[in-house]
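Think of it as A, B, C, D, E and F in the order they're written, each chain with its own count starting at 1.
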Amino acid sequence: MKLGIVVNEGPYTHEASDTAYNFVVAALEKGHEIFRVFFYHDGVNNATRLTVPPQDDRNIQQKWTDLQAKHDLDLVVCIAAAQRRGILDENEMKRQGKDAYNIAPGFRISGLGQLIEAGIQCDRLVTFGD
Amino acid sequence: MKLGIVVNEGPYTHEASDTAYNFVVAALEKGHEIFRVFFYHDGVNNATRLTVPPQDDRNIQQKWTDLQAKHDLDLVVCIAAAQRRGILDENEMKRQGKDAYNIAPGFRISGLGQLIEAGIQCDRLVTFGD
Amino acid sequence: MAMLHIVNKSPYEKGALESCLNHALEGDTVILIEDGVYACVKGGRAANALASVKGIRFAALSADLKARGIGEDKMTEGVDVVDYGGFVDLVTSCDKTESWL
Amino acid sequence: MAMLHIVNKSPYEKGALESCLNHALEGDTVILIEDGVYACVKGGRAANALASVKGIRFAALSADLKARGIGEDKMTEGVDVVDYGGFVDLVTSCDKTESWL
Amino acid sequence: MSEGIKKFLYVNRKAPHGTIYALEALEVVLIGAAFEQDVSLAFLDDGVFQLVKGWDTKELGSKNFAPTYMALGDYDVSKIYVEKESLEERGLSEDDLMELTYEDEDDDWAEKSSIHIVSREEMARLMAANDVILSF
Amino acid sequence: MSEGIKKFLYVNRKAPHGTIYALEALEVVLIGAAFEQDVSLAFLDDGVFQLVKGWDTKELGSKNFAPTYMALGDYDVSKIYVEKESLEERGLSEDDLMELTYEDEDDDWAEKSSIHIVSREEMARLMAANDVILSF
């Protein structure tokens, strides 16, 4: 089946991102297609490459980045939610006149239409949040 | 009186930062001393200068930065909480081998001892969070 | 040694106000802020619960009431409305604060 | 048209599970994940509430039970323990999902 | 579902202002309106507080997004369901809510109320009758 | 308060794992232990779930920070109060909790339990008896 995933909370602060990651891994193992993972609300905070988690803890951003590379996942960060929270890619950095950007490899910034499209295209949409 | 303030949630997502800001302004107007504002948990997300809030909304980071400049406030961001969430100053960027940093003017990164010290030194400690 | 209890959660979503009231002592003050002010809506289950509490002073933050459309006509009785300055005064007039997050 | 309801909140802190049960229809499934698994602790008020619900299937995520020290000895009856793969199967076998955030 | 049209239900269960979920949910609804799907909004639990009229966010200093609810009708979002039991428990009635309207193109563009007060049981059936549920 | 020593109370009301508050609260307690204040920890409401023994976070993939609770005694954090009513409502008893101990320097370093099960009323008085309350 074609599955869409929504992640609404940031890493570490809430378990939602861990659950979504584990769910996606299990779905891929079962042969399902992950149409898209959409990061909304504080979920956009999963996409910063500037995190430095403690050495004895997991690196959630890195786990998403690695999973994306392995399975060519479409990890979409909502642009409006990302701007509000200071998650920028190089393009947004230039457009907004900022002097740095922080998006991690494997994530792309796009609009809320990508969430609606996932709802339309997918057989199931599953939301993880708080 | 000498007041210490703790902010535990990020801007926009929760009202805690707005409340803390308005409380600090009111306390200063009444002649109280703000010993320190300590940002913990997701509160560290108040300190990124990369936010681009919608034009018709408040810029919470800028409000803190401006208030700091006006009253020489001590705005302290917890280093452990900040690392986990990707908030870095230039020094931390170098130390962690990262290629960008995002801390906003007026905030400084330091340890949890600064929170305990605020508890010891202040007549009142007030926590805003979720 | 009076305490200022700070409650910022909707009493309809979370148990913070109930737990606070279970632990507040006579002479303490409870200030309702943020979504906590929903406890003030007249006729609501939470407002009825507030009315049954004795020996505790209740206050609510005006900015949060106004933002949520809770005007005087919708306010339950027995809750003092304070602005941020009044909130500061409550903090300094009590001995310490406890936030029921 | 069975629904999979996903509940990730502690029933002792928030009203999500109660609201979910108020809106679940016969034949639906409720999966308890994250702090939602605390509803499974035998003898707790929430577990007693679960036991009184008819016509709904309950599941709980093993990873979240284990993380929280809720072993078989502490589990209430009538809740199926599933792993992440079992969670995926529930999603695909029901017609749609609703997350009670 | 008929010919690619899906029934979307946006479920709003959280109060406004204290957290951003209500505001960001609205942003999804507005964008979603462009996709020509069958859209309904449900307000239950603390979500009913989102529709209480008379917001004034000046003292708080945050954005007053009440006008966005008023604009929903212009975006052809006209099916708004509010749970009666949730209102009553919170001391509210329909009179306390914003007046949300739309112009009915099938009735000479007459202005009609978008708000339907429904029982908990009707709300449960409404949820079951949709294809995609987005929760906030 | 006597000669600069303040009574600090850390109030833990949230469950572990679902959110980070429990873990980051512990980080404050450990740092705070170096400051030679009078420290107590309170666990009530869902906070009592933090002390349930037998965590295994392997399948979840998150950090198992249960050992940090066990280490509190080594940091001279030995006054841990757990509310009886909160336990009972959740189907728990003291037997379900981690064994947290400290070595009593006034009693020839005898190993003693740090956990005190207290009633709701005692918890209320405990809160009132402290100078600084940090809530998580």
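Operating definition for what follows: contacts are C-beta pairs under 8 Å (C-beta built on N, C-alpha and C of every residue); 3 or more make two chains touch, one makes a residue touch a chain.
All of these numbers come straight from a predicted model, not from anything done at the bench.
The minimal number of chain-to-chain contact steps leading from chain D to chain E is 1. Chain centres here are C-alpha means, and the one lying farthest from chain F is E.
Taking each chain's centre as the mean of its C-alpha atoms, the one that lies farthest from the centre of chain A is C. Of the two chain pairs examined here, B-E and B-C, it is B-C that is joined by more C-beta pairs in contact.
The distance from the centre of chain B to the centre of chain F, each centre being the mean of the chain's C-alpha atoms, comes to 27 Å.
Averaged C-alpha coordinates give centres for chain C and chain D that are 33 Å from one another. Mean C-alpha positions place chain B and chain D at a centre distance of 38 Å. In chain C, 8, 12-13, 15, 34-35, 63-64, 83, 96-97, 99, 101 are the positions where the chain touches two or more neighbouring chains simultaneously. For chain F, the set of residues that touch two or more other chains comprises 14, 17-21, 45, 60-62, 132-133, 135. The multi-chain contact residues of chain A, meaning those touching 2 or more other chains, are 12-13, 15, 22, 41, 54, 80, 125, 127, 129-130.
Looking at which chains touch one another, you get A-B, A-D, A-E, A-F, B-C, B-E, B-F, C-D, C-E, C-F, D-E, D-F. Note for the complex: chain D touches chain F at residues 8-10, 12-13, 34-35, 38, 41-47, 62-64, 66-71, 74, 83. Interface of chain E with chain A (complex): residues 4, 6, 8, 20-21, 24, 27-28, 31-32, 34-35, 37, 132-135.
If you check the complex, the residues on chain E that touch chain D are 11, 13-14, 21, 44-45, 120, 123-125, 127-133, 135-136. Residues 6, 40-41, 80-81, 111-113, 115-117, 119-120, 125, 127, 129 of chain A touch chain E in their complex. The touching residues of chain E, when paired with chain B in their complex, are 17-20, 60-63.
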